Structures are given as structure tokens and as C-alpha cells.
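Two complexes, one shared chain (subunit A), two partners (subunit B, subunit C).
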Partner chain A sequence: MIQENLPVLLVVTLLFTAYLLPIFTKRRPRIIELLVVTVECLILGGTLYLAGLIARQGRAPIIYPAGGWPAPWGIELSVGSLSILFLLMIAGVGLPVAIFATDGITWQLRSRQRVAWFFTLYLLLAAALAGLAVTNDLFNVYVFVEVATISCCALVAAKDDPLAIKAAFRYLLLATVGSGFIFAGIGLIYLVTGNLDMTFAFTELSQRAYTYPHVVRLAISFFVIGFGTKAALFPLHLWLPDAHSAALTPASAILSGLAVKGYIIALAKILYIIVGPALLQALSIDRILLLMGMVAIVAGSLLALAQDELKRRLAYSTVAQVGYIFLGLGLMNTTGLAGALFYAASHAIIKACLFLAAGAIISRTGKERVSQMAGVGREMPITMGIFTICSFALMGLPLLSGFIGKWNLLRGSIQAGSFLASLVIILGSLLCAGYLLPVIRTAYFVPAGTTTTKETSFLQISSMLILTVFVIVLGIAPGPLWNLAWQAARDLLGG
Partner chain B sequence: MSFMLVGILSALIGGVIVALLPEESQKLRRGIVLATCLLSALSVWQVAATIFSKTSPLNTLEWGIWQFRADPLALSYALIAGTLWVLTAIYSYGYMPQDPRQRSFYAFFLLSMGITLGIAFAGNLLVLYIFYELLTFSTYPLVIHRRSEEALRAGKKYIIYSLVGAGALLVAIVATGFMAGSLSFGTGAILDQTATSGKTVWLLILFVIGFGVKAALMPLHRWLPQAMVAPTPVSALLHAVAVVNAGVFGLLRVVYSVFGPDLLTKLGVRPYLLVLASFTVLAGSIVALRQDVLKKRLAYSTISQLSYMLVGAFTLSSFGLSGAIFHMLNHSIIKITLFFCAGAIEHNTGKTRVSELAGLERTLPWTFALFGIASLGMVGMLPVSAFWSKYYLMKAGLSSGNWPLLLVFIISGILNACYFFPIVIQGFLGTGPIRSTEGNKETYLMLVPCALLVVFALVLGVYPNLAWSYLVDGVVGSFF
Partner chain C sequence: MKVSLLSRLLANYPYVAAFILFAIGIYGVIASSNLLRKLLGISIMESAIFLMFIASGNITGRGVPIVDAAKESVGYVNPLPQALILTGIVVGVSTTAFALALLVKLHKYYGTLDARIIYDKREADKH
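After this line comes the complex of A and B, so read on.
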């Protein structure tokens, strides 16, 4: 029974455990942490099982009608390669970050009760993202988007700090506006197609689109603005630097790594499944996405260069990297789209690890700014080493996962005939080197006085090492994940 | 197991081992470094033996995208780099025994060796790119070794220039893969010989920028003089031999394995490429005249000499390629000797500027003697071997109908004399202490490699066929 209902069980387990956690508020946090880690492991196992199932049936997606009611009356879940890719990201990044969080979170949150609430929100976010991964229904998307948004905002506010609360409020405000746009877009699509199920909506839309061109354009614009705000697409990114730099370290890691990607993948699903590649090209949406991506890469990177606070620098870097994914979405060929998806997965791991490392450095040495980082290489060699490897990966150095994404985005750009896009990708990498290499250089090569700071705890290092190993393995042997991304791209583009 | 891989991997593993050893175990570290260099170099010689024995003029290895290829061109570069690495290791034992940071120095020293051999033996553009990009990062810690403000600034410039070049290179490679469908080096050229559109010219420009940074082609050369702030073994080996030759090697691969002489002739780019390279030949020498810091003078001389090789390659003729390959060999030997001597002077007397060298010949007779003979080579005079490479380069100029090139080489030769001979003459002037300070063990370690190299250069000058028939004929034979 479990196997048949696995798609929905993944989401439900996360939700159920999330609601279960507050029961343990009065008990020791260890129980909570154990539960969280167990659940994440379960999700990972479930995802891998589903991946095997799909592989056996020739990569065709598993269609699962919730409650047994088929579409278009019931909500349908569709677990294809894209869903598996994202679920793997959620579990693969969520697990190490949760492990990292278990160390010191009680102290940081200053109360045992809040630990339960923190992890409740954590699992709620994971549940919502998992839901976004598997759903095939538009309104379902909205529900999960809302759950994810509220969880994100609350995660930012979890740190009882005026800056964090201010950032969370700003995030909530802008995100709610975004939600409004998404809702309006859904409404418009429903108006035109009379369907909320994505596959059915596509069929209707491809017939009706030319009768209502402006409505369709409006709906797409609303989706891009709405999801773009939540995904921090430039210039809708204004909430992100404050939110991700003020939040607790594990929260920043999850937010920058996973949450932002969830919205992009939801947008990709809507654009490719409901609107379809042909209509997207006819309406020039692909070129708009390409352009916005390029602008985001350059703007985000330049803004990152200007930041001295390490976490803010990483936050603006996320803004830039989101641009890469949007650029790939606009390329309209399998190589480019697969490259974008692989890049998203790779960035999730890298950025999460970078935030964790930065958080460890800040909490152990008290140094928040890049200009203060002198000597960290000696004080915390392992953490800094991890930071270095992940930085190199973000810059797209070969033998690390970032290179695979970059290489394929370049191939996709050349194939799509956009030489400018390929130049911007390279420029983005150079600027990334510009804002990350100085951190490494200052930490290792600038002489500093002697201190007594020691390396972080075993748990934190292990979690960061897991992520780093993923980065290295994916760089040298990207095969399995790349095949997944390729199939996902084929599914999306094949219509 | 192919000896190509033994060469590359042994150096890389050696580097990792040295990184793990504690800072204090100097003797053990020295032993491992020397052993690793020898193992690696001997592996390269083994590969060379098979290739040049004409039994199988090509050796390839494939594992997915990891293609390796040992053809005569690859071996010219690999032999030069590998052998000189061993000599540099010995030199460094004499030059920097008291250095406080030898662990990181030797770790990156060995890693760079493995990566350089990876560049040499790369069988396709992707593998070449991977090692090329990695070389920038493995040589950075060597450039900034002294950790001074100046060193950090030089390192920053080095990285910026190298990464921009690598970026252009990556786009070029992706575009090539797209245009030609394959990135692997074969017997012919990769690109379709009829692809004579504007796009192909842009592709060439990107490649020239990409490799031109490391090949110190003007105006992409500005990182090199700054990088002279590194310890002398680094300046000598990396920035006169390994890294810069990687750029030249890359351009040779582009001209011959990617585009092919025919396509380039059809595209009509030859005159532009020749002008670019000739400019660097002359401008490099002119700027060298004005340098007082000895290592900077040598750096600008390197910039000029590298473009000698590029001029040869860009003539798209067999004489030009012969001259380019032979000059790569000769320049490396001679330039490394010059740098070693400069380092010996600095180590023994602390003097780094030409103007300070007055009368030092009495203190360092052997150093100046070796420097003097090597200088003859730079100018292109017999009996030093560089005469022959220059001769063939000039012949290439004539035979391809570019007689202005003759003038370029002649003028450059005169300029070389103008800035090299005064250095030696300075040594004889004025009054310095009479007793030679060369008797100690450190100087011995520094000068013996120089002596070996100078002897080899002289022997090669008298019997150029020793290397000519293997290296040069092999390379030219594989492309023409």
C-alpha cells in the first residue's frame, strides 16, 4: 500500500511530522532532532525508490490521482524526472542542513520550545516544496506556494532579533504581493481554459490562446512577476539580501538553496506544461526570460561585489545564480534546459554549504565581514577548506558540479544562437570569482594575529562534508543526475 | 598502464603527499619531491622513447571524456617541462633552504607539474581546458609565496588575466564543439576545412585571447612582469617555461590541430596574426631595455621570445613550425639558466638590479660565466643552440614571402644584445670584493643545473640533429 501511494505519502509524511513536532515542545530537543533527521532519511529513501520505479517504466512519469479521483475533477500528482530531481534536492540538501542545525540551535534560539517550532517550520517548508515537485494541479501549486512562503517568512523571523523580524516582515509583504499575482494568474488561466489540471489546461490553452492573446500574456506576466518575486529574480529581489543574511544559518541555507529553486521549478512547470514551448516562443516569453536572466546575473554579481558582510555577499550571489537558471529556462533547447536544471541542483548544494560554512565561521570567530577574515584559514582550516571548494564550484571550475551546469548552459546558448548569453555566462563566472576569491585570499594569505578560535563541531563539519562530497562527485561523475536533468528537460520541452 | 598517466598522476599524488607532511620534515620532503619529479620525468621519457622510435608515432588513452594523446607536439612540451622540473627542484634546494613555507611551496610545485603534463598530453580540447584552468590555480600560491603586498597584488593580476583568458577559451571550445561536432585532436584538423565564415574568425580571436594570456602575447602580457615577485624557481620554471609554454603549446594546438594551416590561409588571417606576434617581439625587447630590475628585464625578454615561436607558428609553414618547436626547446633551456643565475646572484649578494651588479664578476665568476654564455644564446649567436632556431625562423619568413619578418628578427637580435651584454659587462666593471663566494653547497646546488643546461645548449648548438630529427621532424611530419 505504501508503494502505490508513495507520491502523496512523501508530502504527507513531512506534513504529518511537522504537525507532530510541537507535541515535544516540553521535552528534550534531541527527540525533535531525531525525528527530523529520520523523516528526511525516509524522504530520501522514498525518492530513490520512486526514481527506480520511473527508470523501470522507461522514464515516463507516474500519474497518481489523489484520493482516487482522476483529473480533471480530482487533483493529480505527476512524478516524472523533474519531480525526482527536485525531491532529491530537497532530501539531499535538507538532510545535511538539518544535521547542521541540530548542533547549537537550542542555544541560538535561546529556548527549548522554539526548537520545536523551528523544525516544524523546516519540515513544513520541505513538505510544501515536495508538494510543488509532484503536483500537476494549478491550485495545488498555489496552496503549496502559500505554505512555503509563510514557512520561509517564519523561518527568517525565528531568530529573535530586530533585524531578522524586520527582514521577515518585508519578505512577507513582498511575498504576499507575489502570491497575489500568482493567484490572479491562476484565475486567468482558469477563466480561459476552464481547467486547473495542468495537462488539461494545456490542451485547452493551445486551442484558445489565439482567441485571448492578451489574457494569456497577462497571465504569463503575472506568473513571472509572482514567482519571480519569490525566486528573487532581479529586480524583484529586494527582500532577499536582508532576509537571508539576518536569518539563522540553517534557515539561510535552506532558503537560498531550496526555497528559491522551488518557486523557479513551479514556474517552469507552469510555463512549459500549461503554456508550452511553442506558445512561449510565439509570445517571445523565452527571449524575455533569457534577457531577465542575463540582467540578473550581471546585476546580482555586481551587487555582491559591493558587499563586505559575508552573508550578504552570499545572498546577492543567490540573486545572480537565479539569473543563470532563468537564462537556461529561456533557451528553449534540451541542452540549455537540462543545464539550467542541473545548475539549479548544483547551486542548491553549493549555496547551502557556503551558508553553513559562513555561519560556522561567523559564530565561532565573530567575524562577519570579509575584510575581517584574515587568519580564518589557520583558525578553522576544515571549514575554510570546504568554503574554498564550494566557492570554486560556484565559479564553475572544472571537476566540480558547477562546471557541468555552466558547460551545458554554454552549449545551450550557442545552440540557441545567442552569443551574448554565452558571454554573460562567462562574465558571471568571472564576477563570481571576483566576489569569492578575495574571501579565500584574505582567509589564507593575509597575515593575522594569533587567536584561540577552534574548528567547529564534528556534526557541523560532517554535514558540510556530505554536501561538499556531493559537489565533487557530481563534478567528476555527473552521469546519473545529468540523465535525470536531461530527461526532465525532454519531458518539459516535449510537450 | 600508460606512462602518460604515470607521469601525470605521480606528480599529482606526490603533491598531495607533500601537502600532508608536516612543515618540519624537510629532508623527507626533499627526498619525495626529487623522487616524484624523477619518476614523472622518466615516465615522460619512456613515452618519448616509444613515440620517437617510430614504432608507434602516436599513443592515445581514452576513458569517457578523458582522452590523452602523446604525439610529437605533446612530447616536445612534456619533455621540456618534465626534465626542467627536475633541475628546478635541485636548484630550489640551493635557493630556498631557509624558507618558512616549504610545505605549501613544494606541494603546489608538484601539483603544477602534474597539471602541466596534463596539458601536454591532453587528447581533446575539454581536457586541455580543464588542466589549463587548474594550472592557474595551482600556480597562484607559488606566485604569492612571499605573501608581501606586492606579491598579493601580482597574484590578483595573474588570476584576473588568466580567468578572463580561460573564459574566452571556454566559449571558443563550446563553439568549436558545436561547429565541428567533436573536440578530439586527430591527425587532421578538427574544424571543417570549408567553414570559412566570419564566425570562424571570431572563434580564432577567442582562442587567441584564451591562450594568448599565458603566451604573454601583447597586450595580454601584463601579468608576467608582475609575477616576477615570486621566488626565482617559480619565475624560472613556471613563468619562463611551464606556464608560458602552455600558452604557446595551446596556440600551436589551435593553429595545427583545431584549424589547420589550410583553413587559416583561406581565412586570410595570417598577416594579422604575424603583425600581432611581431609587435610583441619588438615591443617586448624595447621595454626590456628600460628595465633595471634584472628579473623584470628577463621577463620582458621572455615576452619577446615567446612571440618568436608564435611568429614561426603563424607563418603556417613547415620551416616556421620547425623554428617554433626548436625555439621552444632552446628558449626554455637558456631562459631558465638566465633566471637561475639571476637567482644565484640575488641569493649570494642580495642584489636584484642591473645597476647594482658592478664588479660582481669577481665574487661570482661561474655565475657570470654561465649567464654570459646563455646570453649569447638569447642573441642567437653560435655556438649556442638558439642560433639554429632563429635561423629557421628567419628562413620561414623568407620562404613564406614575408621578408619584413627577417628585419623583425634582426632588429630584435640587436636589441637583445643591447640589454643582455651590458649585464655581463657590468660584472667586470668597477671594484668588488675579489674573493669568490660561490664555494658553498647552496650555490653548488644552484649552479650545477645551470652548467648542465649550458653544456647541453652548446652541444645542441654544434649538433642540432640530436634533437632536430626527433622533435622537430616528428612534429612537422605530423602536421604537414
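After this line comes the complex of A and C, so read on.
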């Protein structure tokens, strides 16, 4: 029974546990933390099992009709390679970040009771993202996007200070406008096709799109604006730096690493499954995505260079890295798209780890600015070492996971014949070195008088080490994950 | 050509109204510096989408969607959009409630809901 219903159980388990946690507000926080870690492990195990199941049946997606009603009448879940890739990201990043959070979160939240509520939001976000990964229904996408949005904003607001509340409200405002656009887009698609199931909507749309080209174009632009706002695509990124830098450390890590990717995966599903590659090219949506991606890479990197606060610099760097993924979505070939998906996974791990390391440095030494970093290399050798490895991975140095994604994006852009895109990919890497190397240089090579060791706790170090091991293993042996990304890209592009 | 466009707009008046409401909502979010009014703008925008969805379910001359052999020949209106919008309204309410809670906190910290004054105060805090 568990095996048959596993696709829906992944989401339900997360949701159920999320609402179970507030019961334990009066108990010791340790119980809550154990529960969260256990659930994340369960999700990881379930996802790996599903991955094996899909690999055994020739990589065809598992279709799960909710409540036994088949589509188009009922709601359908579809677990393919893309869903597995994203579920692995959710569990693989969510687990270490949860372990990191177990240490010191009570102190950071200033009250024991709020720990339960923090982890409720944490699991709600994971549940919504898992829902986005497995659903095959447009209206489900809207509901999960809303759940994700509210839990993201609440995670930012969990750090109860004026800065965080202001950032959270700004985030909520822009994200809700984004939801409005997404909802309107879904409405337009429903008006044209009469279906909310993605597979059926595609069949209808491919017949009717040429009768109503303007409506379809309007719907697609609504989706790009809506998801673009939520995923912080460059001119719509205004909320991100405040929100991601003001939040608590584990929240920043999960928001920058995972939440942003969830919206991109949802957009990719809508664009490729409903609209389809042929229609995307006919309406030249691919060129727009490519262009916006390139602008985001350059602008995000330049803005990151201008920041002195470490967390803000990392937040702007996310804006630039999101550009890479959008660029890959616009390349319209398997190599480029697979590269973008692999890059999304790799960035999720790297950026989560960078935020955790930055948070640990800030909370132990109180040094928030890059210019104050002198001596951190000696004060916190392990944390700074992890920060250095992840920085190199983000720049795209070989033998680390960032390289595989960037290299295939580069190959894809050459295949697509876009010389400018190749140039921007390389320029983005150089700019990335430009804003991350000064941090490392100041931390190690600027003399800073006498220093004492202030290394962070064992739990926090081990959680960051898990992420770093992922980064190195994926760089040396990308095989399994790359195959998954490749298969997902082939599914999306249709063969 | 002009007449046919006008008559088509008139025939589809719920969608025209939805579009106008959507535009008003967006204008409210952008134009006002008062955060509460921005929130109102978002609510108006959401109502516009609800209207669009609901209007799509209405088919003139069709009956209530309750299966009844005698009415089979008349056909039914589409009940799905209404069911969806019920969910949509719930989502909208929860977003608004959460935003209002944040506004209460903001007012506690800054003593105002004007975005410009809050921005100035924050800049002043930095220096």
C-alpha cells in the first residue's frame, strides 16, 4: 500500500508532520528536531526508492491518479526524472540544513516555543516544494506556489526584528503580485483549453494555440512575470537581497538554495509540458528567456561586487546564478537544458552551504562585512575551508559540482549557436571569482593581530561537511545525477 | 471592424471588467506608498482573477449542474471554476491575514505604514 501511494505520501508526510510539530511546543526542542530530521530522512529514502522504481520501468514517469479518479476528471500526480531530481534536492539539502538548524536555533529565536513553529514553516515549505515537483495539475501548482510563498515569507519574518519584518512584507507584496499573474495565466490557459491537467492541456493547446495566439502569448508572459518575480529573475529580484540577508541562517540557506529553484522547476514544467518546445520557439519565448538569463547573470554579478555585507553579497550572487538556469531554459537543446537542471541542483547545495558558513562566521565572530573578515581563516579554519571549497565550486572550477553544470551550459550554448551566451557564461564565472575571492583573500591573507579559535559546534560543522562532500562527489563522479538531469531534459523536450 | 470589436467587448463584458479590475489593482500596488493600500490593491487584483474564472463557467441558457434525466437535453453550466475559486478565495484570505499580521508588527516597530517614511528611518539607522 505504501509503495503504490508513495508519490502522494511524500507530500502528505511532510504536511502532516508540519502540523504535528506545534503539539510539542511545551516539550523539549530536542523532540521536534529529532522528528524533523527523521522525516527528512524518510523523504530521502522514499525518493531514492521511487528513483529505483522509475529506472526499472525504463524511465517512464509514474502516473498516480489522486483518489483513484483518472485525469482529466481527477487530479493526477506524475513522478518523472525531473520530479526525482527536484525531490532529491529537497531532501539532500533540507536534511543537512535541518541538522545545522538544530544547533542554536532556540537561542536565535529567543524562545523555546517558537522552535516548533519555525520547523512547522520549514516542513511546510518542503511539502509545498515537493508538491510542485510531483503535481501534474495546473491548479495544484497554484495552491502549492501559494503555500510555498507564505511559508517563505513567514520564515523570513521568524527573525523578529524591524529589518526582517520589513523585508518579509516587501517579499510578500511582490510575491503575491507574482501569484496573481500566475493565477491569471492559469485562468487563460483554462479558458483556451478547458483542462487543468498538464498533459491534456498540452494536447488541446497544440491544436488551438494558432486560433488564439494572443491569448496564449499573454498567458505565457503572465507565467514568466509571475514565476520570474518569485524566482528573482533580474529586474524582478528587488525583494531577494533584503529577504535572504535578513532571515535567520538556516532560513536563508533553504530560501536561496531550494525555494527559488521550486518556482523555476514549476515554470519549466508549465512552459515545456503545456506549451511545448515547438510552440515556445514559434512564439520566440526561448529567445526572451535566453536574453533575460544573460542580463540577470551580468547584472546580478555586478550588483554582488558592490556589496560589502557578506550575506547580501551571497544573496545578489543568487540573482546571478538564477540567470544561468533561465539561460539554460532558453537554449532549447538537451545538453543546455540538462546543464541548467544539473546547475540548479549543484547551486542548491553550494549556496545553502555558503549561507550556512557565512551565518556561522557572523554568529561566532560578529563580522558581517567582507572588509572585516581579516583573521577569520585562523579563527574558524574548518568553516572558512568549507566556504573556500564552495566558493571555488560556485566559480565553476573543475572537479567540483559547479563545473559540470557550467561546462554543459557552455556546450549547450555552442550547440544552439549563441556566441553571446557562451561569452556571458564565462564572464559570469570571472565576475563570480571577482566577488568571492576577496572574501577568501581577506580571511586568510590580511594580518589581524592576535586571534583565538572560535570554531563553531560539531553539529554545524558536520552538516556543512555533508554538503561539501556532495559538492566534491558530484564534481568527481557526476554520473548518476547527470543521467537523471539528462533524462529530465529529454522528457521535457519530448524525445 | 470597429463596431464588431465593440460588440465583441460588450458580449464579453465580465472579462473586460476583470481586465479593468486587474489593472486597477496593479496600479494600486505601484502608485500608493501606504502599505495598507498596496495590500488593498492586491486584493482587488485577486478579485479580478476570481471574476474571470467564474465568468468562464457560465454558459447562457444551461441548467444547474445537478444530474437529472429530465434536464439532460438542456445541458449544464461548468461547475469546476466555482469550485476552484472557492479554494482561490481561501488562499487569498490567508495571504491577506498574514500580510495584515506583518503590518501590525511593522506599525509596532516603525510607528507608521508609509513605505517612504519606513525607508527613510531604515536609512537613518544604517548611518
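By our rule, the second predicted complex is superposed on the first by the 491 of 495 C-alpha atoms of A that agree within 3 Å, B and C clash if a C-alpha of one lies under 4 Å from a C-alpha of the other, contacts with A are read in each partner's own complex, and residues count from 1 in each chain.
We adopt the following convention: contacts are C-beta pairs under 8 Å (C-beta built on N, C-alpha and C of every residue); 3 or more make two chains touch, one makes a residue touch a chain.
Quick caveat, the model's predicted, so the values are computed rather than measured.
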Message: Let me test your reading of the model: by the given contact rule, A:L437 touches which partner, first (subunit B), second (subunit C), both or neither?
response: first
Query: Which holds for A:P162: it touches subunit B only (first), subunit C only (second), both, or neither?
result: second
Message: Touch test for A:L129: subunit B only (first), subunit C only (second), both, or neither?
response: neither
Message: Contacts for A:I414 in the overlay, against subunit B (first) and subunit C (second): which applies, first, second, both or neither?
response: first
- prompt: Is A:A51 touching the first partner subunit B, the second partner subunit C, both, or neither of them?
  reply: neither
- prompt: In the superposed arrangement, which partner chain does A:L314 touch: subunit B (first), subunit C (second), both, or neither?
  reply: neither
- request: Could you look at A:A154 and tell me whether it touches subunit B, subunit C, both or neither (first, second, both, neither)?
  value: second
More subunit A residues in contact - subunit B or subunit C: C
Query: Now for A:V260: first (subunit B), second (subunit C), both, or neither, which partner does it touch?
result: neither
Task: Would you sort A:Y190 into first (subunit B), second (subunit C), both or neither based on which partner it touches?
output: second
Message: Just to be sure I follow: which residues of subunit A are touched by subunit B in one complex and then by subunit C in the other one?
response: none
Query: Can you list the residues on subunit B that touch subunit A in the complex?
result: 129-130, 133-134, 137, 144, 147, 152, 155-156, 159, 163-164, 167-168, 170-171, 174-175, 177-178
Message: Considering only the defined contacts, which subunit A positions touch subunit B in the complex?
response: 392, 397-399, 406-407, 410-411, 414-415, 422-423, 426-427, 429-430, 433, 437, 441, 445-447
Field: In the complex, subunit C residues that touch subunit A
entry: 22, 25-26, 29, 35, 38-39, 42, 45-46, 48-49, 52-53, 56, 81, 84, 87-88, 91, 94-95, 98-99, 102-103, 105-106, 109-110, 118, 122
Task: Enumerate the contact residues on subunit A facing subunit C in the complex.
output: 139, 142-143, 146, 149-150, 153-154, 157, 160, 162-163, 165-166, 168-169, 172-173, 176-177, 179-180, 183-184, 187, 190-191, 196
